[in-house]
Every structure is written in structure tokens, then in C-alpha cells.
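In the two complexes that follow, chain A is the common piece, with chain B as its partner first and chain C second.
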Partner chain A sequence: MRFHVVKRDNCPLWKKLGLYLLAVAVALTLGGLVLLALDVDPMAYYSRMFTMGMVGNKIAYKTFENYLKVFVPLALTSVALSLAFKMRFWNIGGEGQFILGAIAAATVAFKLGSALPAPLTLILMCLAAMLAAGLYGALVAVLKVKFGTNETLMTLMLNYIALYFVTFLGETQADWNFFLDKTSVRPIFASFAKTVSFPRIPMGKFGLNICVILTFLIGILVFIYLKYTKHGYEIAVVGDSVGTARYAGMKVDRIVLRTVFLSACLIGLASAFKVGTAGVLSTSITDDVGWTGIIVAWLSQLNTAAIFVVSALIGVLHYGSTVAAATFARVDSSFANMLQGVILFLVLAADFYTRFKIVPVQKGGNSHGNG
Partner chain B sequence: MAEQYAIEMRGITKTFGSVVANHDISLNLRKGEILALLGENGSGKTTLMNMLSGIYKPDAGEILVEGKPAAIDSPEDAKKLGIGMVHQHFKLVDVFSAADNIWMGKEKAGFRLKKSRYAEIGRMVKKFGFELDPQKLVRNMAVSEKQTLEIIKVLYYGAKVIILDEPTAVLTVQEIEKLFRVLHRMRDEGHSIIIITHKLNEVMELSDRVAILRKGEYITTVNTAETNEQELTEWMVGRKIDLNIQRPPMEKARPLLEIRDLTIRSDEGATAIDHVNFYIRGGEILGVAGIAGCGQKELCEAIAGLRPVQSGLMIHKGDNIVGLSPKAILEKGISMSFIPEDRLGMGLAPSLSITDNMILKNYSQAKGPFVDRKGGRADAEHVIRELEVVTPSADTPVRRLSGGNVQKVLLGREIKAGPNVIVTAYPVRGLDINSSYAIYNILNQQKKDGVGILFVGEDLDVMMALCDKILVLCHGKVMGVVHADKTTKEELGLMMTGALDLSHKYMDKPAGYARDTNITAEELEKLAQTKEQEEK
Partner chain C sequence: MEMDKLGVVTAFIHNIVVYNIPLLYGTVGEIMVEKSGSLNLGVEGIMAVGAIFGYIVGCYANSLAVGILTAFLMGALCGLLFAALTVSLQANQNITGLTLTTFGLGVYFFVGNGLKAVKWPAMNDYSHIKQGFANIAIPGLSKLPVVGEGLFHHNLLVYLGVVIAVAMWWYLNRTTPGLRLRAVGENPGAADSVGVNVKRCKYIHICIGCGIMGLGGYYMGLNMSGSFSSSCWINGYGWIAVALVIFANWNPAMAILGTFVFGFFNTLRVSGGGLAAAFPGALGWLAGIPSQLYQALPFIITALVLVGSSMKKTSNSGAPAALGANYFREER
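Right after this comes the complex of A and B.
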């Protein structure tokens, strides 16, 4: 019997979701095998990971607050990246833009935090971060528009420049370096949490950080922007066919610059949220959201609503694994990264089956020859 | 005993999703015959042949080669069975020489590239009676040379059965005659040939038998000598059809668009359009004939403002439009639609819906920051109804539509905007008879409304029937402007290859100058000055 691949017609949504769930289940099973090899009970580990240790925990609200701290930058970065991806501009420089935004926000906090009222400082932090990240992203867009450089390579390389810059700031003790804690002998970043921090809306013991609300709000705005505005329409056309966009009289260069700037700005805002909540700079400030955001944006197929769902789930994976690592010392928290990779791989495989099916070749058919 | 065929296909079915490309098709190819496979676009000719050459696998049915069942899983299998296909889009490596293109697919070619390969392939070329330099790089070849190379390649691999997919689409009249001579000789040497086409005159001239497909179904096979064009059309289309193209006579109007001494560079910086003159009157269709890549694309792009002009004038209703932005030219009522080879590259955004494509050129006119999809949807539904576009809905992405419907959407949008000049390149490229005639009717209707139409085409028969005048380009130069009803195919063919230059046929003025020009003396003087400077 011979088999071959055949195109599938419109795959119903329930089948699609079923296939994706199956992919996740298979990924978890594979992860379970690794856990078994480490002599850890997979069920116990997974239940701890997926509940993030909140069940039977007196300070579960605290856990959820911390989880949201992971969720907000990831969701916002993914939304920002989807803007550029929709235009088929492969911005993989989320990391670098995030770091630069964080440095700018921290600078404002250190320099103006003690002089200005807190709300004003926070707004200035956001604006500074957006500007810094936006320009860092727009630089690549300018080079692409002017000289036709490859944005994937450029954004990738700029990531490392930003990373080594923040490392340099973190390791250089000098009079000018206001980022470091002056009282410490070893070079460590100073905290500004006491002067400025994003406010929380108290709901009983639980405090809802204002960043969460803002993130959802921006998500809705981006959704409308992409779907209903002229700008969003231009992004879709440029992404689909640059030739057609020019033909329609669009100023393609301007659209590319504008969209990339906006995309990077939102990444900067995500970093301001992160820094403004943590109250301290760090070399690992990004938490890899620049990378993970790419995966989230693709898993959601650039659908803004789906991005929120997927980043919530990936957030559970990441934060849950850190929590579980406390109980299961044998399993490092980077287990989440491995699991995330396997899930991405299998979901992409499932995607293939939503578009194709494999069927056996049939023999026969009526013969009415022309001889 | 039953006759043994070179190829027997039995009950072949192939589906792509819900689209049945081939349904239960049976086809036999005799040894040493030329079989024409005739059918409209989308009737499944190429799909069927791709299954013979191992590119697709049938869902059902079997293939017999020399009477023995064969499993053709890959082009490699087809090659071993002696089946070779010359595709419509050539499969050649541009930076390789002719010999290396053949060599790389050869079995037991050895690890080392030997010098002797040129001599060996040169001998081979002579043996089959072709002319081709084995050392010439593919990228330096003309289209007809590339096709020759493809045929030699297939023969070199020892093909007994040769399939050609629309081989004449890219050739001039003279080159077609040469190709037909080659095919006849190959047949006489014992090769079996299948030629895919939808051109009836070629079928009549070339083939021994004709097999007809319609909408993925096998209709019949007849001996060419016992049939005629009318009968074949009816089988192909499924009903009687009038094969005459209308050419409504019109009153002479003032020139709408005048091109004077226009020079344009190609992407590579070479001169694509070389001091070209022509004009279009309102209510006139001016055809542009020329071998593919003779500057047609650059000319269309320049008129639409998408390509910078080196020198010359483009006068639209008395205003020079050189240097204006695409948007400004659009607003003057000049519409350009170019159907490239992939049919989607310019003018449409393939992943976007019909509605979204409708608003492409006027989305910015909506008030406020939002796009007006309501108006776009109404326009889309109007075009779908008026031009009989086959689509599930106005929200269907354009890429899901078949070629004819894509082109109707494009032309529908252009006409809806109410232009006064329509530049259209290859509007019937790859369309079946029905859709082509629908497009000709649309253009004629526009002509009656007083629109000036520049029709860049490839089928000389069509252009001679539809256009009022035909401008012939050869390597970016005008070879002359002739009246479509007074010229012959041979004359056009000679002009296209540059063998005949009629650009100074009339003593008093060069071809393409309007007697009642709108160009002012001042502008002409300026033009003459720049020309003088150029010559210095």
C-alpha cells in the first residue's frame, strides 16, 4: 500500500483545537518521560507546575501577583512583535529593544524619581523607554529602507550590543555610574523600588497592578489598529506584497519606518512596566521575552486575542516551573524552556495536519480509453 | 491483440482539497505520434501531465508504460521510464552553461567535471539537428534558446515520450514554425510527443490526434484530420461559441496620452525603452506587440509613475505627467493593470479578501483614521455580480480564486474607478476562452465610452482582431505602428524580431507622432535641447 499527502479543505475549528491539544498532550508526555528518567513523579511535578503551587497555599494571591509580573511583559512584547511580523518585518531584536528601554526607564527613575511626584516619574519612565527602544528598532528600519539590509541579522546583532552594554553598566564601578549600589563593595544594581513603583489596585489581599490593565487596553487598541484603521490596512498590504503597495500609491518606506518604530515602542513600554514593577535593573531583565515573544506571536498566528491566551499559558509554564523547582530540586527551572520547545515543535507539526492529510493511494476507476 | 501504447493512463483521479483537478481520466498515447492535449485553463491538462512526469501522484488510477504498470513516484522514476517534460516555466540554473544544465541531471556523471562534456553535448546537439553553444550560460540565452536547451536535455536523458507544456506561449511566429519542424522530425524518428495547448490553430497544424479535457473530465479523442476548429471549441467549452472578436468602429478623438522620445532604464540599468513615440486617442485600443521582455513592463510602470523616466515626455490631456507620484497619476484617471507571469505580483494583495483589494486604490480617501470596508464590500459585490466572478463570498482571499476570476477582480476595480486611460498588460494571460471573451467585451465597452486603451498582449491573432492599431517593440525600440486590419502575422513577426523596421514608413513624420498633437512648441523645444545635450 502506498500513501501520499493530500491537501485538506477548510479544517473545522474544533478539529484544529483538538489537534493542538493533542500536540500539547504529546509534548507533556515526552516531558514526563524526561521527569521519569530523573526519578521524579511526572503527575506530582505537573500538578505543582500548572497550579503554580497555589492550591492549599495561604499566600496564593502573592503567587498570582508574581505570575502577572511574568505575564505582562511577555504579552505586551508579543503583541508588539506581531505588529512588525504582520508586515513581514522579522524583528527578532525584541531583547535588545527591551534592554535599551529598561535602561532608559531606570535612568529616569534614578535621576528624577526623588525630585518629581511618582505618577509623573512613571509616565516619564514609560515615554523614555518607548523612545529609546523605538529609536533602536527604527535604526534597523532606516538601514533596511535606505540600503536594503537584512533586518533579521541587524536586529539580532543589536541584541548583543544592548546586552553587553547593560552588562558593562552592571560591572563598572565608577562615580558616574548611578545605576550601581554605592554602598555595596561588589558591583550590584541599586534599587529604586522605594521611590517609584507602579501602583496596585487593592482587591482584598490581592493587589492588581495597573500595568495589567494597561496591557489589556493596549492589546485591544492594537487589535483595532490592525483590523480597522488605514494604517493597519497599509501594514497588511505591505506585508502581502510590496509591489502592490507601491502600485497603490502607498509610501512603503514611511509605512515600514512607522510600523517598526511603533512595534519597538511597545516593547519599550513592556520594559518600563517590568522595571517600574521590579524597581531594579538587571542583566537578565528581559526574562527572554524578546525570544519567547516570537514563539508566542507565531503560535497565535499573529491573532491579538490568541496572543493573550498563549502568553498566559506560556507564562504558567515558565513561572510554574520556577515554583516547582523549589519542591523538586532535581528539576531545573529551565525544564520549562525544553517543554516550550517541544510544544512549539509539535504544534507546528499539528499545523501541518490541519492543512494536509495522509491517505492511501487507490487503484482502479472506470476505464474509457481513447485508443 | 490490443495495440500497445507508449503510455496508457487509466482512470486517473487527482484532487487538491475540494477541487477535483482530474476525474477518472483515461488517455492513450500511440508510439510515434503527436498528441495534442487540448483544454481551457483549469481543465487539468498540466496536472495530468505532472502525474506522468512524477511531480504529482494520482489519488486513484494507474499508468502503463509500454504496456507495463508503472509507479511514477518522482521525476527520477519518470526519467528512468523514458518520459521527459518541458515545463512552461523552464527548470534551468541561470548561472550554469547549457552543458552543465544537462550534465547535472545525468546519471553516472562522475565526481569530476570533465572538459570533454562540452564536446560530448555539442555532438549530441548536432545529432538532433539543433543549434546551441554548449558553453553559453543560461542567463545569456533568449527564451527560444532556453526552450531548445530543455528539449535537448530531455532527449539527452533518453526520453522516448516527450511532454511539452504550452511551448509556444513565449515564442515568435518564426520560432514557432521552427519548433514545429523540430517536433515533426522527432516524431518521424520514433518519439511520442504530447503537447499541451489551448491554441486551436496550433493543434490543427501540428498534431496527429487531439485529446480534449473539460473541467477535469476526459471528453474525447479525435484524429486531427477529421475535425475542425469549431468542433474542437465546442468540445472544449461545452457549447457553441462565437470565435469572432468584436472591433466596434469609433469616431476619431483627440489624443489622450502622448508619449514622445521616452527612454527608460530597466532594473539592471540597461536601456529598456529607447526613445519611444506613440499616442493613444480616446475610444481607441492601441496594441503593443513584442517578444516577452522587450520593455513592455518598464513602459507600463513608467506610465503609472512606478519607474523613473530617463528622458522624454508623457503628455496626458496636455499636462506632462513625467515625475508625478503614482497617486497623482492615479488621480488623473490613468489606470494601469499588469498581469505578471504569476498573475498576482502587481495590482493585488493575494492574501487579502476581495473587499480589501477593492479599496486598495481609494482607501486613503475615507474620512478619519478608519478604512471604509462597507463601501469596499458594496464595490466588491457589484464587481462580482457584473463580471460574474466565481467566489464563495466577497471575504475570500484573492489567492483562492482561479486565474480568470482574479483578473476579473483586478479589471473590475480599475474600471470602477472610471479612468480615461487604461493601460493593461496581458489581461487575458492564461485565461480560458470564455473568460478571455468576457475581458475583451469589458475593454470594448470601455472603448465605446471613450476611454483610451493601451493593450500589451502576446497573442497576435487576438491583437489583430481587437486592437485598432498595433505598436511593435523590439529591444525597447519602436519598429512601427500599423493598422491592425491591414497588417499580417508575418509582418508583425518580422517587426518583433527587428528584421523589418517600419518606423519611418511615412516620409512626413515618424511613427507614433500625432498630427493633432497636444504637445506645446515650448515643450518640444525643451525636449530637443535635452536631446542635443545627450548627443554631446
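Right after this comes the complex of A and C.
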């Protein structure tokens, strides 16, 4: 009997979730086998990783604060990227947009931080970062709309141009370079944490960074924007079919420009949160969120609520593996990247079965589709 | 004194080749993959996987040939994974490629750091690897003034890289399977309708292309004398290779030239100071250029090429028309 593959229209949610969970379970099992081969107890390692060593830890609140520092930029960047992806605009330039945003935010902090009150400086930092990142993203959208330049490759190039720009700032000692610590002999970035930093709401020993609340708030706003506004509807239509959108009289070019700008703006905001919390610029300021964010957005099927869940989990994976690496010296922290890769490979494979089904070819010329 | 200056130039040319041939491997491999219509953003990760396994297995076997074979096979295995997900399971190519990069770098560090904790194989201990990687002079040509020593006195993998690039050009443009491959990349539906087995064609060429990338990774490992540190051997070369494909207009022969151009800037970064010192009058200004500009240049140039070629809307672009789109037969 021969088989062939046909598209299926709607896969029930429980089936989708079941398949994804199965994929994750298989990935964790494979990871467990690797751990066993290294003579490490997988259960002990995983429990250490998933609890991030917080159980029975007196300074667990500190761990959770640090975890949130990983979670916030990742969640916000993923939400931002999902906006562009919904339109099938492949903005893989999150890294570059994040870097430019961070530079802009740091510039404001250095130049105005000592003159203005802290709240105003923070707001200006956010705005500057959003503008810088937004324009860097919009540049690609303009080229795409005007000339049809491939946005995947273009944003990829811009990532590296931004990366070497921030490296240049970090390694060049000169009078004009206010980003660097003047007192240091070796070039290192100066800290502005003393002048300005995002406030934290004290909850006992634990301090809840205001960025966490803002991130959730923005998540809700984006959810509403995509689901209940005209703009959101336009994005969905353009993503589905540019032709349909044009036929319906939508100004596709404007929608693309607007959405990509907004997407990049939010990435800029994420970088402002990151820089404003860390109080210092760095060449590895992005922590790869521009890349990981793409994976998170995709794993979440561009669903805003799911993005928060998935980025929380991926955050645990990354932060937990560094915590676990301290206890299990034999397991390198790169285990997280490997595991993340395997999880995604398996989810991508599982995804196939939610979108397609395999049916036997029936005899008698009763063919499916129009092939 | 005059001879010494020429020596600097020769060393400069020599460095361009030695340090940048991995770009050629990555680029030529990616050209083959992209010609089949697949945009594979996993070059960096695939090169890393090829590098680490090629190096370790090659050392333990104390054989360059085994190392080369292992690197190729591991690269091809990554390709098989990519093909299975994107060709058979219709997964998104961008996501799959990016994941392959994350995964590949994860494997690289996991295996490398893991082995380092036990005992890292030092290249110096393996005589056959060292001898195999030693420079070989091409008789006659290497005696040419200035360029001879720079271009024609290299290790085996340099020559192999150039041979692969030329062979690939011939394969793509002068053979029937090459023609079929290009047809699949341009219009898989049309190729399918005239009897080309699109799936098989994609699988084969993705695997071979990724295997070639793996070889490039192995070369980089050997070039670093196998010293393993916290920064990856590949160090962004995979991404430059993705850029170089565009610069070379999807032409393997042009990729050789492109490797020289990108390699030229790369080498200026490392040994531009030497040139500036040898020719203070003419090239003294080189010393003032920040090294990061050289690092960014390949990407700046490629960005300009991308914009330029899309503005012209030229019909002679080598970019496969179906690049990045999965082929689903039932939707033909």
C-alpha cells in the first residue's frame, strides 16, 4: 500500500499540546541518556535545573531575581518578533536591533543621567532605545517594500554590523568615547548603575523589578492589539495572503512598515529594560535573545500568551543549566543549548503531524487534492 | 631592505589564503544547498560540528584522511537532519537552520569542554596529522616572485578547497544532474513534472553541501593547531559564508574570488599593521583603521550587494527563485 501526505485544516488543541509535550518528553529523555553516559543521575540534574537550585536555598529570592533578568528581555523580544512573523516578515535582526537600542539607552543614561531626575531619564532611555531599534528595523522594511530586498538576509547582515559597532565602542579608548570607564587602563564599559536604574518594588527580601510588570502589561496590550484592533486584523490578512490584502484595499506597504517598526521598537524597549537594569553596556548585552526569541516565537506558534509560557520555560532551561553546572561539574552549561536544539527539532517534527496527515492512496483514481 | 618589504607582501598573500579558505568551504557548501532551493542558516553550527568531531576522531586515528572523512560525514549528518525536517516534514527553513546553529554550537562546546576535562588531544602529539597538514609547494608555480610563495605553497586542504569549488562550478553548469539541481531550486513543481525526483535531489545535495561545510570547520580546527578555548573555532565564519554566497552571486567560481576579497579585509585586520610598517608612506594610514571595521566589512558589502541587486531587479541574479520555500507536492 502506498501513502501520501495531505494537509489537514484544523488539529484539535489537545492533540497539538499532546504532540508537543511528547516531543519535549522525548528530548528530555535523550538528554537524560547523554547524562547517564556521563555518569550523572538525570533526575538529580533535571530537578536541579528546573528548580534552578532554589529549593532549600536561603537566597532563593536572589536566584529568582536573576532569573527574571533573563526572562524579561527574552519574553519581550519574542513578543516583538511575533508581530513581524505574523506578517511573514522574517525579521531575524533582533540581535542588531537590540544592540542599537542598548547603545541608545546607554547614551541617554550617560549624557542626561546626572542632570535629569531618574524617572525622566528612564523614560527617555526607553524612548531613545525604541527609536534607534525601530529605525534600524524599519530600514529593512523600507528596502523590502520599495525594492523587494530579501529581509532575512538583510537583517542578518545588519545584526553583525551592529555587533561590530558595539565591539568598536567597547574596545576603542578615546576622549570622545564616554561609554568606557576612564579610570581603567584596559578598555571596559563604564557603569551608570549608580546614577540611574529601574526601580524595584520591595516584597520582603525579594525586589520585583518594575520591568517585569511592564513586560506583562505590554504582552497584554500586544495580545489585544493583534486580536481586537483593525491593525491586528490587517496584520493577519497580510500574513495570510498579500494578494487578498491588496484586493481588500489595504495599503500593504504601510502595514508592513508600521508593523516592522513597531516590532523593532519593542525589541528596543526590551534592550532598554536590560541595560537599565544591568546599568552597564556589554558586547554580549543581547544574551542571544534575538536568536532565542525567534525560536520562542515559533515554538509558541506566535501566540502571545504562549510566548510568555515558553520564554519562561526556555529561561529556566538556560538559567537552570548554569546553576546546575556549578553542582555537576561534568555537565557543561552548553547542555542547555543542545537540549534546546533537540527540543525544537522534535517539536518541528511533531508540528508536521498537526499540519498534515498521512493517508493511504486509494485505488480507483480517487485522488486527493488537485495533484 | 627591498626584499624584506616584498616578504611582507608575500606573507600577507599567504595569510589571506591560509586563514580564509574555510570561508570557501562554507560558501561552496551553502551554494550547493541553496541551489536546491533551501536556505540553510545553520552553516555556523554545521561547521562547528564537523570541526569538533573531525578533529577529535582524526587525532585518535592519527590520520588526516580519517579526520576529513569524519568532518564530512558529521556535516552531512547535520544536513540529513535539516533535509528530513524541511524537505520531508515541511518545517520552516529559517527556524530549522537557526536551531541547527544553536544545536551545533551546543554540541561543539559540550563535546569539547567535556573532553578537555578528561584529556584534550594536542595536535602536536599526532605526527601524521601534523605532517598531513604541512605545506606542500606546487613545483614551478611556487617559484614565482612574490605571489609564488603566497599562493602556491599551502597545506593539502587549501588545494582541496579550490578543487571542490572548481568542480562544483563544473557540476552545476556543465552536467545533467547539476542542471536538474538548478531546475529544482528554480521551480520544483516544473522539475517534478518532467520527472525529476525533487525530494531525492534535495536530500542528496543538502547532505553533500553540509558535508563540505563540515570540512571547512575541520580546517579551522587544524589551523588553530587544535587549541580549544572558550571562543569557538568557527568564530562567525559560518555567517560570513552565508553573506559570501550572496556576494558570489551563487557561483562557486566567483566564491573563490569572493573569498579573496573578504579574506583581504580579514587579513588587513590581523596583519594590516605589518603592511603599514613596511610601507609607511603609502600604507601608513592602515594602522589607524579600527579592526572592527574590517570585521564588519563583509557584512556591510553584502548588505550593499543585496540592496543593489534588488534595486536593479536584474535577471542574471544567481539566486534560485524558489529559495526558502518548501515544496509540497500536493499543492503543485
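Quick note on the criterion: the second predicted complex is superposed on the first by the 341 of 371 C-alpha atoms of A that agree within 3 Å, B and C clash if a C-alpha of one lies under 4 Å from a C-alpha of the other, contacts with A are read in each partner's own complex, and residues count from 1 in each chain.
Everything that follows uses one rule, which is that contacts are C-beta pairs under 8 Å (C-beta built on N, C-alpha and C of every residue); 3 or more make two chains touch, one makes a residue touch a chain.
Being a predicted model, the structure only gives us computed values, none of them experimental.
Q: For A:231 in the superposed arrangement: first (chain B), second (chain C), both or neither?
A: first
Q: Quick check on the superposed pair: does A:114 touch chain B, chain C, both, or neither? Answer first, second, both or neither.
A: Neither: A:114 stays clear of chain B and chain C.
Q: Touching A:4, do we find chain B (first), chain C (second), both, or neither?
A: Once the two structures are laid over each other on A, A:4 reaches both partners.
Q: Scan A:247 for contacts with chain B and chain C and give back first, second, both or neither.
A: First partner only, chain B.
Q: If you tally the residues of chain A touched by each partner, is the higher count for chain B or for chain C?
A: Answer, by number of touched residues of chain A: C.
Q: So in the superposed three-chain picture, is A:327 touching just chain B, just chain C, both, or none of them (first/second/both/neither)?
A: neither
Q: Looking at the overlay, does A:160 come into contact with chain B only (first), chain C only (second), both, or neither?
A: After superposition on chain A, A:160 lies in contact with chain C alone.
Q: Going by the contact definition given at the top, which residues of chain A touch chain B in one complex and chain C in the other?
A: In chain A, residues 4, 6-7, 368-369, 371 are touched by chain B and also by chain C.
Q: For chain B, which residues are in contact with chain A within the complex?
A: Counting only chain B, the residues touching chain A are 2-3, 5, 8, 10-13, 15-18, 24, 26-28, 30, 57-62, 71, 73, 211, 218, 220-221, 304, 306, 325-327, 330, 336, 344-352, 356, 359-361, 363-364, 366, 369-371, 373.
Q: State the interface residues of chain A toward chain B in the complex, per the touch definition above.
A: Its residues touching chain B are 2, 4, 6-9, 228-233, 236-237, 240-241, 243-249, 359, 361-371.
Q: Which residues of chain A touch chain C in their complex?
A: 4-7, 38, 90, 92, 143, 147-150, 152-154, 156-158, 160-161, 164-165, 167-168, 171-172, 291-292, 294-295, 298, 329-330, 332, 334-342, 344-345, 348-349, 351-352, 355-356, 368-369, 371
Q: Given the complex with chain A, which residues does chain C contribute to the contact?
A: Going through chain C, the ones touching chain A are 39, 41, 81, 84-85, 89-92, 94-96, 98-110, 113-114, 117, 236, 239, 242-243, 246, 290-293, 295-296, 299-300, 302-303, 306-307, 310-311, 313, 324, 328-332.
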